[in-house]
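Each of the next two complexes has subunit A plus one other chain: subunit B in the first, subunit C in the second.
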Partner chain A sequence: MTVRRIIVEPRGLASLRLTLTVPLLSVLAALIIGGIFLWITGDNPLTVYGHMVDAAFGSSRGVSETLISATPLILTGLAAAIAFKMLVWNIGAEGQFLLGAIVAAGIAIAMGDGVPAVLAIPVVIMAGAIGGALWAAVSAVPRVYLGTNEIITTLMLNFIALNLMNYLIFGSNSPWRDPLVSTFPTGRPIPDGASLPRFFNRLDVGIFIAIAVAIFAWYLVNRTRWGFEVRVVGDSAETARYAGIQVPRKILGVFLISGAFAGLAGALFVAGPVGALDPRSLDLGLGFTGIIVAALARLNALAVIPVAILMGALNNAGPSLQSIGVPPEIVTMLQGAILIFAVGGEFFIANRLRRPELPPEVLAGEAAA
Partner chain B sequence: MSDSTETLTVDLRDIHKQFYGVKANEGVNFQLRPGEVHALLGENGAGKSTLCSILAGLYRPDAGEMIIEGEPVVFKSPKDALAAGIGMVYQHFRLVPNLTVAENLALGHHNLGVMVDQKDLQRDATQLGERYGLPVDPTARIWQLSVGEQQRVEILKLLYRDAKVLILDEPTAVLTPQESQSLFSTMRQLTDEGRSVIFVSHKLHEVKQVSDRVSVMRQGQMVGEIDTADAEPKDLARMMVGRDLELPTRAEDDSTGQPMLVVRDLRVPGDRGLESVKGVSFEVRSGEVVGVAGVSGNGQRELAYGLVGLRRPTSGSVTLDGVDVTEENVLEHIRQGLAYIPQNRLGMGLSPGLTTEDNLGLKAFREAPYSKGRQLVPAAFKSRGKDLIEQYDIRGVVPGLPIRLLSGGNLQKALLAREVEMQPKILIARSPTRGLDVGATEAVRNSILRERSRGTGVLLMSEDLDELLALSDRLIVLYEGEIVGELTARMATAERLGLLMAGQRDEVAP
Partner chain C sequence: MRTGNLRRFIALLLALAMVAAACGSDEGTETTEAGGETGGDPMKVAFVHVSPVADKGWSWAHDQGAQYLAANMDVDITTLEAIPEGSDSQRVFEDLAAAGNELIFGTSFGYMEPMLAAAANFPDVTFMHATGFMSSDNMGNYFGAAEEGRYLTGIAAGAATQTNLIGYVAAFPIPEVLRGINAFTLGVQEVNPDAEVQVVWTSTWFDPPLESTAAQSLLDANADVIAMHQDSAAPGQAAEAAGAKWVGYNTDMTEFAETAWLTAPVWDWGPFYLTTAQQVADGSWQSEAYYGNMADGMVDIAPFGPSVSDETRATIEERKAQIIDGSFSVFPDPIVDQDGTSRELGDIFGMDYFVEGVIGSPTG
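Our next item is the complex of A and B:
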C-alpha cells in the first residue's frame, strides 16, 4: 500500500528569482481583486488602471509628482525596515516624522532669510533627523533600560506628536503659524534659503537624499562592523552577549537611527514640496505606509526604493481618479490588498509544495498495480 | 529464540521518507518480535526518529508498507497507531505543562467521557506507577517535574492506553546514570509481560546492556541487524559510523604549566538573586584539563557565567594569565584569550539565522582580516570560512544558508573551530559532546586534547562521567555551589565521583 500526497516543507534558501516574483505577483493579485471590485461597482477596471498609470507616469508632471510622493516613503520605509530587522517594533515613524517636520520648520523659521542655502539646508535636514531621533529616544530609552513595550509607547507618541503639531498651528500663535493668514490657520512658509532646490517640475533634491540614505542604510547593515553586531543582536541577543557585543547599546542605536530616518522624511517634506508646517499636507499616514513599504521590500534597504516609488505612484494617482468619477479610496484598498498578498506570499518564499519523490522501483510497482 | 512461524509484532518494509531533499529513510526494513527489547542504534541524523515517528503514526511514509501483527495498516495519526497498540515517547516530550500528571494521562483517551473522576484517575496513576517502577506524584503539575519524572509520565501515558509496543526515542539522553538503570529494569518488566520495546540510542554500552537485538542505521539506511549477544561494541561502532574510530588518547600529565586561570573564593548569584556559587577556589594550568563534575543545577552554569564575564561575581576574583578580569565585561575576557563552549549551542554559542561563515567570524570579526577599521571585509568571511569548514570537517554547509540547518555534531564542530582558532589561553567547555553521535564526539574530544597539548588550560564541565574520566588530568566536584572534592585522574573512579556528586564529602584523602 502506497501513500502519496502533497507536502509542505520549508525551503532552505529561496532563489533570487522567487524573492522577486512573489512581491510582483502580490501586486498583480491585488490589482485583480481591485479590478473585480471596480467591475462590480460598474467601472471598467482597465480604464481605471490605465488612468492611474497615466496619472502616475504618463506625463513629466506625473513622474515628478510620483517621485515627490515616494521621497518620504523611502525614508519611513527605511525607518521601519532597519528597526524590524532588529525586532525593535518601532511603529512610531508617524510621530517621528511629524517631530522631524516640526523641528526642521522651527529651525528654518528661526534662522530666517539671512542664512545662505549651503548652510541653511544641511542645518534644517540635520535638525529634522535629530528631532525624529529624540522622539524615538522617548520610547527607546525606557525600552532598553526598563524593558517597556515599544509598540505601545511609540504608538502613543504618534498621537502626542499629531496633537503637538495641531496645537502649534491651530491652537496657539506659535512661530510656526503663518501670521498673515487668519481665516484658516496654516504654517508659516519656510524661508527660501532653507527650501530644497527644485530641478524637475516640483521635484526637489530630496529624492536624491532619500536614495543616498537608502544606500547608506544598506551599507551600514551589511558592510560595517556595527551592522554585523546589529545583525547578531537581531538574530539572537543571547549569542550577541556571549560574543561580547553590547546589546542595549545596539538596540538603542538602531532605534535612534530609525527615528532619525523618519524625522529626516519630515524635514525633507516641509523643506521641499509642502514648504511649511501644514497639518493638512503632513497628516497623511506616511509613517504607517512606510511599514507597508518595508514589509513589501522584505526589510531590504535597497528594495525599499522601488517599492516606495510604486506606493508613491498609487498615492499620486488616487486624487486624479475623481475626475473620472471613481472614489480615490480605491488606492487605499489596493495598498491594503498588496500588503495582505505580500504577507501571504512570504509563505511561498519560505516554504514549498511538492509531491514526494519516489524511487524508480516504487513508481514501477505503482504503474504495475 | 526466533521461530519462523511466529507472527512479527511489527514488520516495516521498504520505508521511504524525505524532508526537503534529505532522504531521512531510504528503503528501510525493520522487524520487531513480541517480547523483545530491540535497540535502534545510529548516529544523529541517521533517521532513527523518523522511522519511529512513522511507526507511531506521526509521519506518513512517502512509500513503503507497514504490517502490524500480520495485517497491513495505514496510520493517519498517532491515534490510529495507539489503537493498534503502538505508542511513542518522543525526544521532545508532549505533555501539557499546566495539567497534573493524572490529567495528562487521561488527555485524549478515547474511553473517557468529559467527566472524569479525579480520585479514580489519581489512584490509577499511582497503581500503574508502582507496578512498573515509575513513581510519580499524580497530583503534581507537569512543569513542576524534573525531566526524568516527565519521561515517566510519558511512559505511564502509553501504559494507561495499554500499548503493546513502546517506542522510546533516546530516553537516556536526559537521565542520570541511576535513572537510566531504573528505566532499564522497567523495560525488562514490560517485555516480561509480552510487550515489546524499541529502544533508540547512540550509546553502545546501554544497547549492549539492555537489548535483545540491535538494528543499526546509517544515513537513512538500515545497515544491519544482529542479536545483541553476538555484537561486539567495536563492530557496532563501525557499522554505525562506517569506519574505525580513533579513540582519544591523553598524553601523561606533566603538571608543570603556568597557572592560566586562577579562581579565588568566587561567589556568583543565581537567577533569583540567591547565591549559586558559594566561594570556590581552584586553578587551571597551561596544558592541563580540569574536569568539573556534578549533577546539573549545582552551580555549573553560574560558575561558567562568572568565569566568562556573563555574570558579575559578588565577591572573589578571577585571574586569566595574570590579569584580574573579575570586574570586566565579556569582550575583555575574550581579549585576554578566553574561549567558551556554552551548553546551549544554537541559543548562545551560535547565531542561528546567520550563515556558517558569519558564525565562524563571530569572535574575531573586530580584527583583521574580518574587518578593516569600521568596515567589514566580506571576502575574508568567505575565505576564512571556507578554510575552517574544510579543516574542521564541518559537513552540510551550503554557502548563504543559516547555520541552524546543520546537524548537532556539525554545529559543535563549527563552534569549536571558531573558539580554537582564536588560540585561546583558557578554554571553558560545558557538556561539549552532549547529544552528539560517536563520530562527532570523537572529533570534539580530540580537539580538546589537541588544545591541551598546545598548552591551553582547559576547564571541562560535564555531566558525562566517562567523558570526564577520559579527558581530565584533575577533577573537582561541585555540590550545591561548593567544591566538595578534588581528585587526580589516577584517584578518580566513577563510584567515588558519584558519591561526591551526591554530596558525600570525600573521607578518603586523595
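Our next item is the complex of A and C:
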C-alpha cells in the first residue's frame, strides 16, 4: 500500500466560519480530554463542568467576580495584542502592570483624602497608564534606537518591577507601606476618594473603562491612518519604509501605548478590588496571562473582551472545583488543557492540512489492492 | 456531506455541553438547599490553606487538625489548598459561605482582610482566621505561643553544636518570626552561653530550593546546626547532606533527615478545631482572639532524634514542665537586646528587635 503523506501549508486568509468553529472545537476537544482524566480520577466530568459554569456565571456574585477577574486581563490582553500586531514582542506587560500599580498607588496616597473623587480617580488612572508607558520606554527606546532585543529587556524588567514592589513593602518604610500594621508588611490603603466606586457586589467601574479602552484600541488599529500604518509595519517593515512610514516612531508609539494599557490595568486593580499596593494580591501573573488572552483573541482588540471574560471564569472556577472534591492538581491540569488546545487550534486556522492529489491510476491501483 | 456531518457533530457536542451545564447547576442548587436545612445534616466546615496540604509543614499541620475534627464530630469538611493570599481570596471565602458552610477556617495571615470583608457579607457564617489580629462579630482569630516550643528546641540545638554557630533560615522579619528566633536563642544560651545564632532571610514561607540555598550558605559559614522558620524540609535535607544537625518546624519531619533530626516546635490544632466547631454547633461561639500554648496542648515539640542525649532530654522535659505549670516564662523582663543593652520586654506581639547572641538584622 502506498503511504500518503499529509502536507502542512499556510492558509491564506481563513474564513470567518473557520475562525469561529476552530476555537470552539478546540475547547470542546480540551473538555473531552479533560473529561477522560476526570473520569479516570473518579469524578463525573458532567458534574465538574456544570459546576465550573455555575461557579463563574450561575449567580450574580459569580458573574461580578468573573468580571472583576476579567478587567485587568482585558487590558493586559490589549497590551500584548497591539504590540504583537506590529511584531513588537513586548512580553513585559507584567512589569508594566506592576509599575502602573506602584505609580497609581503612590499618587493616590500622596493626594490623600482631601481630593474629590471626580478629580482623584482620573488622576490615579492616568498616573498608572503613564507609569506603565514609562516602564515600557525603558525597553522601547533602546529597541528603536540601538536595536536591542525587546524580548530580553521586557522580560528582565518584569523581575525588576516585582522586586521594586517587594522592596517598597517588605524592604523599606516607604510611603506605600502601611505604618499601622506591624504584624506583617502590607500596603497602605488607597484613600476612599481615589477608590473606584462599586456598583454590583464587589464589581467596580473598572470593567467599563477596560471595555471602553478595548473599543478605542480596535478603532485606533482598524479605523485610523495611524493604525493602518502600524499594520503595514507589522506586515512588512520594508514595505512600510518604502511607503514613507517612519518605522522607528511607529514602533516607539505602539510600545508606549502597549505599556500604558498594562499600567492602566495595574492602576484599576489597586484602585479597585485590591485597594492597596499589596504584593500578595498583585503578583498573580496577570501580565503574562494577557499574552495568552491576546493569542486566543487572534490579536483582535474586540475579541480580547470575551476571551478575557472566559479566562476570568476559568480562573475563578478553580477553587470552587476543589470544594466538590476535585484535587487542585487536576483543576490546574484542566485549565492548562483548555489553553493548550485553544492555542493549538490556532495552528489549524493559520495552516491547512492537505493530502496531495494522486493521479487516477494510483487511486485505481489502491482500490484494487 | 462531510461538512454536514461535522456540523451535526458540533451540534451534538454543544447540546451535550449544555446538558452538562444544566445538570451541574441543578446539583449546585441542591447542595445549597441541603446546607440551609440544619436538621440532622452534618455541619459543613471549610478549611482554606495557602500551600498544598501535602507540604508536611504548616498547612499539613492544620489539615491534621481538620482530620481530628472529622474523626470526633459529625461534620462535612471541605478543604481548599494552594489558595493564594490577597484580595482574590475574598471570592473563595464567599463561595464557601454561599455553598452552605457554617464555619470557615483560613489558615494563613494574608487571608485576614479578605476574610473580614467576606464575614461582613455573610453575617450568619462563622469565620476563623489563624495568625492575624483582626476580628468582627462573626470572625475570630487564633494562634499559639510557638515561642515556648522554640525555647525548648533551642536547648537541643545549643547542646548539639560543636562550632558554637547555629544557622537559622527565616521567612520574614516580622514580630512572629523575631519572637521565635529570640526564644530559640535564649534556649540555646541556657545550655551553651558561647553559642550564637546567625539568621538568613528568605522572604518566603515556602520555597524549597531557596530554603535549601539559604541553609547551605549558613553551613558554608561553619554552622553545624540548622534551625528554621520555613514550611518545607529542604533546610533539613541540606543539613543532613552536610553532616550537620537540624531543628525543624511545624511537624515531625524525622523522615526527611533521620540522622540530622533533633526535634521541632510543632502544632496540634485538632482539639481547638473540635472545640470551635462544637461551640458553633450549639450556638455558644463568641468572637475572640485565642492564643494557645503548651499548657492547652496547641504547642508542643516533636519526638527527639537519636543524637539528643539523655541529659539534654531531661533538661528539656524539666523546662517543659515548668512552662506548662507557669513557673517559667520564656522571655525575661527586662531583656538584653542584640547590642547588649537591657530593655523592657514590651508587647511581644510587636517584637522588633533581636536578643543578645543573634547575628543578623531584625529588619531584613
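Definition applied: the second predicted complex is superposed on the first by the 326 of 369 C-alpha atoms of A that agree within 3 Å, B and C clash if a C-alpha of one lies under 4 Å from a C-alpha of the other, contacts with A are read in each partner's own complex, and residues count from 1 in each chain.
What we mean here is this: a residue touches a chain if its C-beta (ideal position, glycine included) is under 8 Å from a C-beta of that chain, and two chains touch if they have at least 3 such contacts.
Since we're looking at a predicted model, the values are computed, not measured.
Asks: Does subunit B (first) or subunit C (second) touch A:T239, or do both, or does neither?
Replies: In the superposition, A:T239 contacts subunit B only.
Asks: Which partner does A:R225 contact after superposing on A: first (subunit B), second (subunit C), both, neither?
Replies: In the superposed model, A:R225 contacts subunit B only, not subunit C.
Asks: By the touch definition at the top of the document, which applies to A:L28: first (subunit B), second (subunit C), both, or neither?
Replies: The answer is second: A:L28 touches subunit C but not subunit B.
Asks: I'd like to know which partner A:G345 touches here: subunit B for first, subunit C for second, both or neither.
Replies: A:G345 sits against neither subunit B nor subunit C.
Asks: Identify the partner contact of A:P273: answer first if only subunit B is touched, second if only subunit C is, both if each is, neither if none is.
Replies: A:P273 contacts subunit C only, not subunit B.
Asks: With the two structures laid over each other on chain A, which partner does A:T47 touch: subunit B (first), subunit C (second), both, or neither?
Replies: Only subunit C is touched by A:T47; subunit B is not.
Asks: Write out the stretch or stretches of subunit C touching subunit A in their complex.
Replies: Contacts found on subunit C: 10, 13-14, 17, 19-28, 46, 52, 78-88, 90-92, 94-96, 98-99, 109-110, 132-133, 172, 174-176, 203, 349-350, 352, 364.
Asks: Help me check something: in the complex, which residues belonging to subunit A touch subunit C?
Replies: Residues in contact with subunit C: 21, 24-25, 28, 31, 45-55, 58-59, 61, 65, 68-69, 166, 170-171, 182-185, 202, 273-275, 278, 280-282, 284, 316, 319-320, 322-323, 328.
Asks: Please name which positions on subunit A make contact with subunit B in the complex.
Replies: Touch residues, subunit A against subunit B: 1-5, 9-13, 222-228, 231-232, 235-236, 238-246, 352, 356-359, 362.
Asks: Hey, which residues of subunit B end up touching subunit A in the complex?
Replies: Going through subunit B, the ones touching subunit A are 14, 16, 18-20, 26-27, 60-65, 72, 74, 309-310, 329-331, 333-334, 340, 342, 344, 347-354, 358, 362-363, 365-366, 371, 374-376, 378, 398, 400-401, 405.
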